[in-house]
Amino acid sequence: MDSVFANITMLLLFLTPVASAILVTLVRKKRTIGIITICSASLILVQVFFLVSRIISEKTVTAFGNMFYVDSLSAVILLSISVVGLVSALYSKNYMGRQYDNAMIDDKHIVRYYQGFNVFLLTMLVVPTANNLGIMWVTVEATTLVSVLLIMLYFKENSIEAAWKYLIIATVGLSFALIGTVFFYYANTNVTSFDDAMNWTNMVHNSKLLDPNLVKIAFVFILVGYGTKAGLAPMHTWLPDAHSEAPTPVSALLSGVLLNCGLYAIIRFHVISSNTIGSAFSSHLLIILAVISVGIAAASIYFQKDMKRMLAYSSVEHMGLISLGIGFGGILGVYGAMLQILNHAIAKPLMFFASGTISQKYETKAMSKIKGIIKIMPVTGALFLIGGFALVGMPPFNVFLSEFFILSAGFQSGQFLAVTLVILFLVVTFAVFLRHLIKMVFGNPVVPMKKDDMGKLAVVPMITLGSLVIVLGVFVPQQLQTLVHNAAMIINHGGFA
Amino acid sequence: MESIQLDILTISGSVLLIATFGVVARRGFMDWLNAYRHQSIVLAGVTAIIGYVTGIWEIYIAAVLTLLVKSIAIPKILTYVTRRLDIEFKTETNPYISLRTSIIISALLVALSYFLTQQIPFRSDQVVNVLLPVSMAQFFIGLFVLVNRRTVLSQVVGLLIIENGLFLFTMVLTHGVSLIIEIGILVDILVGIVISSILLFRIGRTFDSLDVTNLANLRDD
Amino acid sequence: MIENLSLLQIAIVLFVTGSLLGLFSRNSKFTRMLTFVPTMIASFFTVLFSVITITGKPFHFIIPNVLPFINFEIFADGIAAFFLLVISIVSFAVSLYSIGYMKEYETTKRTSVFGFLFNIFILSMILVVISNNSFFFLIFWELMSLTSFFLVIYDHDREENVKSGMTYLIMTQFGTAFILASFLLGYIQTGSFSFDVFHNSSSSFPFLTKNLIFLFAFIGFGTKAGIIPLHIWLPKAHTSAPSNVSALMSAVMIKIGIYGMVRTIFDLGGFGLSPDYSWWGLLMIVVGSVSAIIGVLYAVIEHDMKRALAFSSIENIGIILIGLGLSVVFASLNLTILSALALVASMYHTINHAVFKGLLFMGAGSVVYATHTRNMEHLGGLIKKMPWTALLFLIGAISISGLPPFNGFISEWLTMQALLSSYQIPSTILQISVAFASIPFALTIGIAAATFVKLFGISFLSRPRSEHIAKIKEVPRSMIAGMSILAAICILFGVLPFLGISLLDTAFHLLPHPASPFDAITLQNNSAKSFANLSMPVVVIMLSSMAAAIFGFIKVIGGKTRKTTFSTWDCGFGSLDQRMEYTATSLSQPIRTVFKTLFRPHNKIQKEFFGGTDSYLLKTLKVESVTKNIFEENLYLPIISSCIYIFDKIRKLQTGKINAYLLYIMITVVLLLLFVRLSHNV
Amino acid sequence: MYSIAEILIGVIQGLAIILLSPLITGIMQKTKARTQKRIGATILQPYYDIIKLIKKDEVVSDQSSWIFKVCPWINFVALATAAFFIPLFLTYSPFGLAGDLLLVVGLFALARFFTMLAGLDVASSFGGLGSSREMMFSALLEPALFLTIFIVALTYGGTNLSTIVAAVAGATLLPHPQLIFAAIAMFIIVLGETGRLPFDNPATHLELTMVHEAMVLEYSGKSLALIEWSQAIKLMILLALVVNIFAPWGISSSITVATLGIGFISLVAKISLLAVIIAYLESTIAKWRLFRIPDLITIAIASSMIGMVLYYL
């Protein structure tokens, strides 16, 4: 792709949400702004598809000099952002409309919500495309700020609390990430000119020459910093609060995509650090944090009372699994991790949407008060089950495939302790997660209710995701295989496929 | 580098640390804000010196911005937001660890920072040698303040100290080359403060208190 | 080959058709037809496929690169085809049965969902058996678990059903984790997920790996098969499921656990290893013996029909495992002929158990269909209202009790002979250990007969124990037909064992087999003398001629006599009623007392008096005998409660206080930095 | 293959058990009467009883089903068929080709299975009581019997009865100490299987002590005759087994009139002697409490276990 064309492509990609945000601000009509956002999200999806197809054929695209750099790894993240973005936008229409009808929010807040939504998409789109690691950091920080605004949309006690914790913890965490980034930069300035020392491509290029000790310290900062953002334990503490208190479509975005952005950043630095000091150091750190994450998530789910909070813990678990895949390494592990990113980005929003619809119907998020979903809302209930089974890694759903690869990689890498622990934790998670899920889905409702699936627009995004969950479990299209394979190669072969 | 510059830098470094300790050692919000303001002014000065030493003109812009944002805008915003708050909201009466112990721990954190940064091989860059541990110490003390304090306001201040440490750190190591990033960071901080002010306001209204221990509805135990 | 593939394709398409037809047809009369008739036809095609495969060449089929690194591979050799045959025969009968049976649920539930799950369940079982790739094996394995889970909680209005479903699902997942570990250990040795590669290169695996692979597979597949102490899901799930599903689960699904073990052992070259590996067989024998004896002991005290049948499944799995274990032990000691004998015994019992347990569960289902209760204490006298069901159930009961001339006897005879042959084992210790397995085995057979006396006697004979039994009717014809198929096989495989044995010999490539029906099953001892013989056709001829002779004799001597019907002897006290009958609980009371160490029975007695508490006039007296489930109480509850204890500690981390959260981050970063700093060598 | 003569002798052996069995019962009853200072009926009394019963009309419970009616027939057919597998005075039986000792045990179990069902079928608490106790006995006796068979089979190379008896006839007991333990076990099992004291009192109709009699309480007429007869056959089979396995003296191993004659006479003598011993024993001991009986069976099982270990050592 020639550079002008690339510039235009990237510019359009970023301009779409900006334009949409501006339009939303100007129009301010409840119904129209939803549609505007849906349009912009679908436009983004189309553009991303286009970009991804280019990536598949050309491997990399750079734009604006070296400022933006898209390779297969970024493409995987972009794909997840755009898909989840679109389904969230679709779901928002119905969900926020219903919240409005229930007098949960007023017109002003709906406008604010859609503004935030678009800006949030924009910031997330920049993260994986930025080549300059400083810009990446700034946009990750920006995602925090935007999402804090979205979380505290309702101004309820809990959402304010969640927003505060999220803001403080994520900011502190990201300051670590900045330190790490600057350390990397500093290490790089020792061997190259100041001008593009901040660029990832340059850093990878020089990675063999960087100072090992500096890189070690820097990676620790990066891991803790972006790990906070990615929800790795023990920095995950903000996550259950924020994800459960946000409006449901935002929860989907936070869990399905934003966490991936954090991990994406870690992966980028992992590549550099592996080149410099061998992959053992960063892999081991990743594995340790990952095992802790999976373990804590497994243990925490048991006592959950709130549906969305449980899902948030499951996100912690999945982030752990992805890092585990990266940590185990080998083509299988990394491949599994990349696939897991996508699979989780499909299954988790499905669960959030379903839980959103369910809590609207039952007027509560407390799991003890929800019973017999399958009778009241057959379609939602079935999809909720499918999503739940997918999340706990039950075949034939998609997450199983990636987990299978990750665990295979664990065996292959000889990390038997970690793999044994993780398998144990997975079984525990399976048990405790499904215990909650099945109690909700089956049985008889506490109070009699009308059978109702809450409208087509609520169901369509879920069915889309649900069918993806099933199809990707047994069949991965060739293009996607190539893309994910290339992404895995980037990680395994020091940055360039 | 001339030794006089180095001396100035060293002295500024200690001033920065002292200002940081000022936050640790005091109880009142306005005291902290003052300490922060002074720290920011020194920070801007240090930035300017670095600009002078390296001869990169962008750093002056960064220095001016720091002065504007950190020592003027942010204290103004915070004073404005908190002007109507009762005095008991503005004082840290009951930190987890007493002030005296806090000071000792902060001192230990300074030592830790020196210990940790020793390993890093630097080019014979005196600026880095002098200021890197300071910035790290600031960072850790800020974090400690966050961990230790119970009121929302002191957490905001802790955050500000961290940001200052971060700014110094970035400045020292990058010499402000990527101005865009510096500005991005500054904007992020500014927006962050604005948002936390909104939140602060909301917390005060919703919870009738600025004690973060009240913000504990969302938990598992 | 080609026609083979198309047979399989037709079958798969039909299963899918059946499931979709079920799903999309409204709750009408035709739903049952639309769902279950395709299942029947598909099962029939699968029978054909497996018979052709057993007699012909193995069947191999690959679609490459469906998934990254993974091909879709199908491979059906004799072993797989044999299990396929078991699956398809039973599923044929059960689908026929279901046409009638599902009427029970028509008013309360959507039978269309049931049909969908039912078809997918059978299909997944078939695909598990012929998968030749660990990934797809797991996919279908879990699909099987998942669909069966949904079928178990099909009646989810009752909370206990959902609970038992959960237990089932969790235990099955526990097992899957082990299977996964076993496969992945194979994977790190070979770098491939294909079973072919495992099979071909297994001889070069290190000793430890091989043992671990076996152990993990044994635990994993054993969970599915319901070995003790991993059995707790089995009685719960089988009881909660609709009876046709219980029939499929008990008859077929748990056999797939056995299939997994057989396959693993074959792939590891287990029937031809050195004596170092004989502990595999010993382990199986020990676990099998324990499962058999404890399973049957729980079965005999049970008064819930389906629960008793479920426990009896554990017992039979134990017997199968004893045979399989013997086979491995013999093979490891290079006693090929004996190994073949034991393998035949175990596989014969596999198909037998599939047939009669399917039959019995369907019988129990018919009882539930007619009476809406599984509790034997409320049944009784059904033989008069439901003569066909009673007859068929009796055939199943006799078969499972291992009585001649039905099929259960043959396989238990073979197993016993295999046990007896242990005297040929060269090592004394091994000899004695194997021989001691005969004690629990013998005890098991004895108690099994008692169990089924109780099951049949209490439910079908004597007087009805509750009022509404008086109004019941015989079940629909399709249900009778479904049961009759399996009953016929019970008799066929009992009277003509050469059928089953030659089937097995062909499928497993064992030694030459009896050619004609009248050839006895002959075993020879060391000195080439006849060790044991059994020719069931001759025995049956003897039995029938004896029957004819005695009948004639009595007629000749006795001449014409009269038969008078009169009420049962009541000791002159006046008419007997159902309250004076023996109950299920009292019937098994002696056994409960003898084995009280296991059951820990205690009686709860509630007395109610006329006029206050300390009067002499008893108004009511209620005695309830409670037995404990020692596994649940002494093994699972402690594990669960310690898990919950840990969870409780860990959730304390999430205190809600932001200071704590920040502290975690601070500690993490400081620790990691110190780690880096200290590990730094200057 | 076997010659016609051999087959004929095989049939005769089977028929001999069937026909002689009431005689053994008669001998036992006579012995018991004598030890109790009674004169007692003639030893042919069981024959008279059977024939009389066959000619009598039947009363059938109105609660019973066809199970009740077929039970006596199945009992008789199973046990009488079992009789054909037993070598009596010739060391082998041509029917040994068709079935072995395990089949005999299986046929016993079949008979008992139906007896227990019949006990439950008549809806009286007597029947249930009998079945319940019988369930316990059979559950415990079965393994004991299997174990004993195990030892015998191991010692003599197979469960094929002809092989066993032929081997026994040609061997001495001395090198096989395990057989002594097997014999002890076998003796207890015979008592239990045939419902003798201290397990069960065949002469009683007291509800507290009945086991077998309780199950068959409702039978009358030819059904009762068949039941009684098949019980006698079972007793005879077991006694013949004990005698031929543990005391094979005098048994014929070839088909000559002389040896066969000696074999027959010695067999009758040995079985009668055993029957007298059992009957005498019955008169001197009382029936045990129900839950002490498992202890006795445990002794049998333990004894077989010792025997088994002895075999392997």
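Letters A, B, C and D name the chains as they come in the text, with residue numbers starting at 1 for each one.
Here, a residue touches a chain if its C-beta (ideal position, glycine included) is under 8 Å from a C-beta of that chain, and two chains touch if they have at least 3 such contacts.
A quick note: this is a predicted structure, and the numbers were derived from the prediction, not measured.
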Could you tell me which pair, A-C or A-B, is linked by more C-beta pairs in contact?
A-C
Looking at C-alpha means, what's the farthest chain from subunit C?
B
At what distance in angstrom does the C-alpha mean of subunit B lie from that of subunit A?
31
So, what's the distance in Å between the C-alpha centres of subunit D and subunit A?
78
Centre distance in Å when subunit B and subunit D are each reduced to the mean of their C-alpha atoms:
99
Whole-Å distance, subunit A centre to subunit C centre, using C-alpha means?
44
Mind pulling the subunit D residues that touch 2 or more other chains?
none
Which residues belonging to subunit B are in contact with no fewer than two other chains?
116, 119, 143, 146, 155, 212, 215-218, 220
Where subunit A touches two or more other chains, by residue
164-165, 168, 172, 213, 217, 240, 300, 303
Of all possible chain pairs, which ones touch?
A-B, A-C, B-C, C-D
Which residues of subunit B touch subunit A in their complex?
116, 119-121, 123, 139, 143, 146, 152, 155, 159, 162-163, 166, 169-170, 173-175, 177-178, 180-181, 184-185, 188, 191-192, 195-196, 198-199, 202-203, 206-207, 212, 215-218, 220
If we count contacts the way the header does, which residues on subunit C are in touch with subunit B in the complex?
651-659, 662-663, 665-666, 670, 673-674, 676-677, 680, 682
Contact set on subunit C toward subunit D in their complex:
300, 381, 383-384, 390, 394, 398, 401-404, 409, 413, 416-417, 419-420, 423, 428, 431-432, 435-436, 438-439, 441-443, 445-447, 449-450, 452-454, 456-458, 461-463, 520, 523, 525-527, 529-535, 538-539, 542-543, 546-547, 550-551, 554, 557-559, 561-570, 576, 578, 580-582, 586-591, 593-594
Interfacial residue positions of subunit A with respect to subunit B in the complex:
132, 134-135, 137-138, 141-142, 145, 148-149, 152, 155, 157-158, 160-165, 167-168, 171-172, 175, 178-179, 182-183, 185-186, 189-190, 194-195, 197-198, 211, 213-214, 217, 240-241, 244-245, 300, 303-304, 309
Touching residues of subunit A toward subunit C in the complex: what are they?
164-165, 168-169, 172-173, 176, 213, 216-217, 220-221, 223-224, 228, 234-235, 237-238, 240, 285, 295-296, 299-300, 302-303, 332, 335, 339, 374, 389, 394-396, 400-401, 404-405, 407-408, 411-412, 414, 420, 423-424, 426-428, 430-432, 434-435, 438-439, 442-444, 473-476, 481, 484-485
